[in-house]
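Two complexes, one shared chain (chain A), two partners (chain B, chain C).
And now, the complex of A and B:
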C-alpha cells in the first residue's frame, strides 16, 4: 500500500478539522475534547490527539490526512508525524493576534518540510479580517526561510474547491513529483 | 498597434510596477468605472457586470501617481487587485506575448499567486509548480505542462502583470521526459478537476 501523509497544522480554531472533513473520502476520525483554553480561543471543543481522513487513489494507494493538535503542549505529536509526512498544510486565522508571526513560528517547527518546498499556508477568516494580506505572510516566510517559496492562499476550510486547490498546489510543488 | 480594450488597461497598469502609491481610474463605455488603489492592492468596480467582459470598450484611463494616493473613503468593500490583474493579464493579449515582454527571455516564479481567489484551471497550478523549479519560455512551458501554447502565454502575461515572475536570460531548452503520471496527476484524476 502506497501512502502519502499530509499534515494539517496550525493554531486552535484555524480550521484543521473542517479542512480534513472537506477533503476526506471517509467519515473523518476526530478526537475532540472540551477546550480548556477558552481564554485563547472561544471554541467549545478542540482536537487533543489527531484528526484523520483519507483520499483513496486506487486499490493500493491513499493520501492520508492528519490534523495535528493546535495546542503547543501536544507538539510531541508533531515530531512523531512529521517524520512520515510528505507535505504540510499550515492553517492560520487571519483575525488572530500576530497572525503572521504565529504562521512563521509554526513553520519553524516543520523546517525540513518548509525548506524542501513541501509546505503551503492557508489563511482562513480573511472575510473577517482582510489584513494582513497573503503577501505579508509570504514576505515574512521568505525572510525566515530564504530560498524556500511557500505558497500562501486565502482559504475557507469548508470550501471543497479551495481545499482541492490547496492540496493540489502542495502536491504539484513536491520536488519528487516531477510528472505533472 | 494601438492599445485597445484590456490591452490598454494592462499597459497602464504595467507602468505602475514598482511604484508605492498610485490610483488608476478606468472609464468603460458601458458606464462602469474601475478604480485601482495600487498601494493597497485593492480595486473597486462600479456597475460591475455579472461576467468579466472579454472585449470591453475603454473610454478613458486616468492615472494619479501622487505619493499617498488612495481609494476615496466612500468607496467601500474593495476587492483584491490580484484578481483583476489576473483577468486582465489572461485576456489582454490573446495568443500573443504582453507587449512589455521581450523576446528570448525565460521566466521563473518569484511568488505563488493566491489561486483560491483567482478563476483558474488546474493547468495553471501545474505550470506554476514548473516555474517554481526552473526558468521557462512560454513555448517551453507549454510543452513541459502539455498545454496549448496560447494558454501558457496568457498565463505568463498574467503572472508578469501581477509582478510574480523574474526574468532570466533564455535557458537551454527544457528536456521533456515522458513519465508515468505522478501523484499530482493521479490525485487530479481522482478529484475530477
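And now, the complex of A and C:
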C-alpha cells in the first residue's frame, strides 16, 4: 500500500482542523487549547501541537494528514512535521488582512515542498470575502517561486468533495514528482 | 476582558509561586507558567533562555500528552517528565485554571523531589488564584 504524509498549514482560523476532520476516515487526534487571542481570531480553541487524521484513497493509497498550529510561536512543530511530509496543503482565509501576503509568507517556510511542486493552496472563506481572487494568489506565488507550480483552489474546509479534489490534485503532483 | 496572562493579580501570584518553588527545590534552573495556548504569565529567573519558545513548547507537549492519554483511555495526564542527560523538564497543570507550570531542574534534584515541589507550588498557586479571582 502506498502511503503519503500530507501537511496542512496556514494561519489560525483558515480551517486546517476542520479540513482534516472532513477528510479523515478515522476519529481525528486533536490538541486543542483554550484560545487566549480571541481579539485576533474569534474562536474558542486553537491547535497547539498537531491534528492527525487518515484517509484511504482507492484500494491501496493511504494518506496520513497532519495539521500544524497556525501561530508562528509554534513553528517548531512546523519544522518537526515538515521533515516527514511529502506534500503541503496551505489553507488561507480570504477575509484575513493582506491574505495574499500571508499565503506567500507561509509558503516561504515550506520552500522545499513548494519548489518541488508538492504544494497546493486552498483559499477558504471566499463566501465572506470575494477578493483577492485565486489569480491574485497564483500571481504572487509565481513571483515568489518562479518555476514552481502551485495550484490554487477555492475551498470550503467543511466540504468533503472539495477537500478531496484538493488532496487528489496534490497527490497527482507527488506521483509526477516521484516518476521524474 | 483581560486575559489571565495579563492580569496583574495572576502575575503577582505566579511570581510568588515560582519564588516558592525555587526555595523548595534549589536545583531549579528555570520555571515558567503559561496559558494552555502558550502565552507566558511569568517566568523566573530572568536569564538568556528563549522564554517564549519554551512556553510554546510546553503548551504543545502538554496537549500532546493529553491527546495520548485520551487516545489510550487511561484517564487524565498528571504530569509530563522529559529526563535528559543534564537536567529534567517537568510540567503539570495548575489545578482549576487553563495554565501550565513548566520547570527545568538540574540533575542534582531527584525527580521525585522535583515533582513533589512542583506539584505543591502548582496546587497552592491554583488555590490562591481561585480565591483571588473569584
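Throughout what follows, the second predicted complex is superposed on the first by the 165 of 180 C-alpha atoms of A that agree within 3 Å, B and C clash if a C-alpha of one lies under 4 Å from a C-alpha of the other, contacts with A are read in each partner's own complex, and residues count from 1 in each chain.
Operating definition for what follows: a contact is a pair of C-beta atoms (placed from the backbone, for glycine too) under 8 Å apart; a residue touches a chain by one contact, two chains touch by 3 or more.
Predicted model, so just to flag it, every value in this text is computed and none were measured.
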| item | value |
| --- | --- |
| First (chain B), second (chain C), both or neither touched by A:29 | second |
| Touched partner set for A:152, first chain B, second chain C, both or neither | first |
| First (chain B), second (chain C), both or neither touched by A:103 | neither |
| Touching partner for A:88 - first (chain B), second (chain C), both, neither | neither |
| Touching partner for A:74 - first (chain B), second (chain C), both, neither | second |
| Larger contact residue set on chain A - chain B or chain C | B |
| First, second, both or neither for A:167, with chain B first and chain C second | first |
| Set intersection of chain A contacts, chain C complex versus chain B complex | none |
| Residues of chain C that touch chain A when the two form their complex | 3-5, 35-39, 52-53, 56-57, 59-64, 66-67, 71, 98 |
| Residues of chain A that touch chain B when the two form their complex | 4, 55-58, 61, 63, 117, 133-135, 138, 149-155, 159, 162, 164-169, 171-175, 177-180 |
| Interface residues, chain A side, partner chain C - complex | 29-37, 46, 48-50, 69, 71, 73-74, 76-77 |
| List of chain B residues in touch with chain A within their complex | 41, 109, 111-112, 114-117, 120, 122, 125-126, 128-130, 132-133, 145, 179-188, 190-191, 193 |
